[in-house]
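You will see subunit A twice below: alongside subunit B first, and alongside subunit C after that.
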Partner chain A sequence: MSEQKPQTVPTTGHVWDGDLQEYNNPLPVWWVYTFYATVIFALVYWTIYPSWPIGKGWIGGVSKITYVNSEGEAKTHSWNTRALLLADLNKAAIAQKPYFDKVEAMSYEQIAKDPEMSGFILSAGKSLFADNCAPCHQAGGQGMVGFFPNLTDDDWQYGGSYEKVHETLMGGRRGYMPAFSEVLNGEQIDQLANYVASLSGGDHDSAKAAAGNTLFHGEAAGCYVCHGGDAKGRQELGAPNLTDNIWLWANVPAAGSAEGKIAAIRGVIASGLNKGVMPAWSARLTPEQIKVLTVYVHELGGGQ
Partner chain B sequence: MNINFKHEWIETNIGLMAVLTMIAISVGGLVEIAPLFFIDKTIEKVEGVRPYTPLEQRGRDIYMREGCYTCHSQMIRPFRDEKLRYGHYSLAAESQYDHPFQWGSKRTGPDLARVGSKYSNEWHVQHLVAPRSMVPESVMPNYPWLLSTQLDISDTAARMKALRKVGVPYSLSQAEYDANVTKFGETVAKQLHIPAAQKNLVEQANFGNYDGDRSGISEMDALVAYLQMLGTMVDFSKYADDAFVETR
Partner chain C sequence: MQTGQKDQSELYQKRIPIFTRSVKGRFRRFKTSVLVLAYAMYFLLPWLPWQRLDAPAQAVLFDLPGRRFLIFGLTVYPQDVIWLALLLFIAAILLFFVTGLVGRAFCGYFCFQTLWTDFFIWIEHLVQGERPARMRLHRQPWNSEKLVKVGGTHALWMLASFWTGLTFVAYFTYAPQLVLDFFSGQAAPAAYITTGVLTLSTYVAAGLMREQICTYVCPYGRFQSVMYEPETLAVHYDARRGEAAHGRAPARAGQRTLAERHEKGLGDCVDCGLCVQVCPVGIDIREGLQYKCISCGLCIDACNNVMDSFSFPRGLIRYDSEKNLASPVPAAPKVQWRSLKTIGYGLALVLMATYLAYSVATRGSFERAVNQIRQPLYVVLSNGDIRNRYQIRITNKAAHDQTYVISARGIPADAIDLGNFREITIKSGHSGLVQASVRLPPTVAAQTQHFELVITPQGKPEETRAESVRFDVPGKRP
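Moving on to the complex of A and B:
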């Protein structure tokens, strides 16, 4: 309020409290014309894009979106963001079609051997893996002991062939092992744990392991039913190989002492497992995407 | 009748000015919002969308209590990158029973509109207790108390009654229940019946065992049940690519 306006500016004519007046400065010309321009813009916009509601519908606008869908049909919709997305997706699908057609037509082995296709698998598979698989199996597929299997090693719960990996991706998996604390006593579980440790050359008590051996192959515990007489597992049941010193559920590598390692194994035997759930991806991903992922996972290192 | 309108009337009468200001502002909102109630296609006609079961609803309450919405949206926009990462764009129909909706306006974490059945229950439990043990680069806080706090189920029915007041078709009477059977089928209608709310909640929690611990019903059970349902109600394989295009 340091400067008074010159008296030439007219007032609105209102007076409050006897002497309080309001100047009436006209808007700048550029502002007024810009305002008129926005009105004209709105009228043009209303005719091009969806705008006014009328009854149970609305004015669709003259702008149309046309695209060619996966069946090769040309589709036309009035402009909206969903149609825009379809046009965008179909455009990308056409660009990727030669690759996905090849993925569909070629066998897993052919894809893996073809230099161009394996490049495609590497890039497409990497982003698919990152979006969908990495939260559990981690970015490099290394998994997490106690939770999710390592996909880069040679140990497969359900089989590492292309067909088995594909089956796992499509239908998911659910791991199960009964809790043996219900049928065995603590001493027996300890004996079994020592035997399991001995299978992969871990520190163990020989006497206990020998007793564990009997239990393992006996009917009371019946471990052999799932893990096999040679304890090398049965992939059709998802029962892991116990002789390879690769640990998924019992966190043996993290246990510092020999006693800690045995305790980790004991824990799994006693409480069993009702986890190891892998979701099914058949509803979320397309068949081609699953095939890409199958080859990608197979090529992570451990494919059989 | 000759009324000589004078602007001064408004400027010298604060009550009149308040009323007229309110009317002027309402016009802006009304022309944008009101037509949506009359346009047929505002809520897409789609099969499968139902109100939440008592357990899912309690999980949703916990989702809001913990402020998950401040970092996670539940609204997949119709963009190619979102479609590739999260799945089909969200439909209005999918949040028709949400009070309030959880669309959100900011993503520090990923969108959760279709997180249901993407990961195992076990992943969710471990991830909520210690996010960085699953996703090393995560900035999500730990929520360990969800696992150790038992869910208060005593007010389940009262919460559903409140939602019924704002239009969610939870049933109190036999007639309402029968209407739900017609609309959603018997299995769902049973879950929406308020007199059976607590029994239904306990059954679902025990059957689903979402937190992997059968000794009780924790808040984790409810939250994971809710998360595992998100975005799974509509089977998009039943609809053509452009089935929902003409509704916008």
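Moving on to the complex of A and C:
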């Protein structure tokens, strides 16, 4: 830096009150031109993008975005981020279309055998599942005991074939079990609970279980009507298999003691169930999306 | 007291135009051959055909949408970014190594700023003539001659800049198609923007700013000087010989021969000024080594030609070291490589280059990523068995389709279920995703903490790769 010497700065030439003067220190040239450039930039910006409000509307600008809305109509808007998003979604849908077309044309088995389509199902299925199914069945399809079935195990409530999974997705399901406290007394319910615990090898009182066995197959309780004489459930009714290690409603795995486990089963028998509701997806998703989800969910649990 | 704007130190230095005289000689020939070679490579490489199965037939193609660089037979994927790191490291070390030995050789002969400036000066010389003609043209008022010549020069510069920009873009897409699309207005916006920016920057840097780039913009110029040693060879003026006792003097009558000059105590420099006239950065090398000097060697050529014409010995300006010039009896200049620094750089260079070559030569033909599915970590099945699931992603980096066989090691053979993909065929450059389900009875599961998933390319057992994965069971915390 050069040495700065004291300088006389020129004044603006005006004199007030006889001796009051003003130094003339203009703004740096680069600053002034940068300012002019911002003015020009603003003018250009106003003409391209939405800017000034006028009455109830606004100046839209010359930049337009065209997108196809959910009704299939082409809409042209002045530039805005929402239209931009919709146009981007259109673009993504067009890019995905060949794959969805293939999904539509192929059978479930063909899709499962094709490496490229299988990869597509795994990624597209995952995001469809996360958007639509995960709120109940959880992100990985593991469900929640007492609320939503686990889709990753090998127990299929309503059947695990492609066709059955597809049917479940299209029409939804409604699980129902009456409350047996209305027809049975506390002792009988306890006996039934012990019998159900014994079916999957849990701790139980054998005397009570034997009594429960009679009740289960008798007309007073009539459990066998839905759960079957062998207690292995009936998929056409969605009645679960009681002889396996998988618990859907009674949260037996979480109960610490044998008594707690029996109590959990007792609770379900006494109050019944009217909450096993899955909505129908036929009106919410496209047929190809449901097909993708069918293969994805089938794969989650290893299928049947 | 305030100071006026004018008297504060200026941050902007107005460019003083430099009109370089053309010169013939050893260094000029070397520079020209480097220029021709580099231009041939840069401008022709995108047009070199190379047959490929699944990509355009272009020998060097940086396929950004496809996330791969195609370089002749080699395909570089983003996973190979370590090669880029190595390459940059090698380039940096090479720069340090060479600078320690022979000074700013990169600046003088190989830097693209030097090459393009050289080419632009050649265009200027072609249109406007030799130095005196160019100076006259610069001084004369605007008339039709000046308009045509100066305008023509700038137009040719623009053309060269444009082709430079377009060629750069051609490395990123199929070149013949790009040129067609570019002129029919159908190329990607990125192509127009890149070409535009590069055209403008080339025109400004090589046409208008030239040596200002080296002096004010380029960081290498400044820090290369730090790497100089007293033994480093650089372009030097032999002041002892050139100035002698009574300084340089023109070759007038009575001081034409060496004998006459030495008698009068005059130096060998005849003060012709040619070394200054040929200098592309506009310095006088006789004032000693300067930070602006890019070591292009043109002043050596100029001086040698003058020395020859007077039958004086060559080498008044030459490549020499500071140390040698200062010694009482200067020896013949030679490259001094026997220093710890130089040998260290050389060693690092050899090591890194060997590692890069080894890494490229032994690259695998596929990439794999094996992940346990963590939602849920395990599932208890209806008969009490425990199931864990895994996702295997295989990327085929080979130039042909390949079938991979997946198996498991460390668990019973029937425990693993790969759906339909015990064998999976993946197209060249594509990825395949396979879900593996592993099902173990509780007793076996309790004893299994890890096992291996093995991927074997069919027909290439030597490329088998195994990945160790966890097996999780209920109630056991890691």
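Here is the rule we go by: the second predicted complex is superposed on the first by the 209 of 304 C-alpha atoms of A that agree within 3 Å, B and C clash if a C-alpha of one lies under 4 Å from a C-alpha of the other, contacts with A are read in each partner's own complex, and residues count from 1 in each chain.
By definition in this document, contacts are C-beta pairs under 8 Å (C-beta built on N, C-alpha and C of every residue); 3 or more make two chains touch, one makes a residue touch a chain.
What you see is a predicted model; the values in this text were computed from it and never measured.
**Student:** Please indicate which partner A:284 is in contact with in the superposed arrangement: first for subunit B, second for subunit C, both, or neither.
**Tutor:** first
**Student:** Taking the superposition as given, does A:9 touch the first partner, subunit B, the second, subunit C, both, or neither?
**Tutor:** Only subunit C is touched by A:9; subunit B is not.
**Student:** In the superposed arrangement, does A:167 touch subunit B (first), subunit C (second), both or neither?
**Tutor:** neither
**Student:** Applying the touch criterion given at the start, work out whether A:153 contacts subunit B, subunit C, both or neither, answering first, second, both or neither.
**Tutor:** second
**Student:** Figure out whether A:246 sits in contact with subunit B (first) or subunit C (second), or with both, or with neither.
**Tutor:** After superposing on A, A:246 lies in contact with subunit C but is clear of subunit B.
**Student:** Just to be sure I follow: which residues of subunit A are touched by subunit B in one complex and then by subunit C in the other one?
**Tutor:** Touching subunit B in the first complex and subunit C in the second, no residue of subunit A appears in both lists.
**Student:** Which of the residues in subunit A come into contact with subunit B in the complex?
**Tutor:** The contact residues of subunit A facing subunit B are 14, 16, 50, 53, 55-58, 69-70, 75, 77, 80-86, 88-89, 92, 127, 131-132, 135-136, 144, 147-148, 274-280, 283-284.
**Student:** Would you mind writing out the residues of subunit A in touch with subunit C in their complex?
**Tutor:** 1-2, 4-10, 23, 25-26, 28, 112-113, 115-116, 118-119, 122-123, 138-142, 150, 152-155, 241, 244-246, 253, 299, 302
**Student:** For the complex, give me every residue of subunit B touching subunit A.
**Tutor:** Result: residues 7-8, 11-12, 35-36, 38-41, 77-80, 83-85, 87, 89, 117-123, 126-127, 133-135, 209, 212, 235, 237, 241-242, 244-248 of subunit B touch subunit A.
**Student:** Can you list the residues on subunit C that touch subunit A in the complex?
**Tutor:** Residues 1-5, 7-9, 373-376, 379-384, 387, 389, 391, 417, 419-421, 424-426, 430-435, 437.
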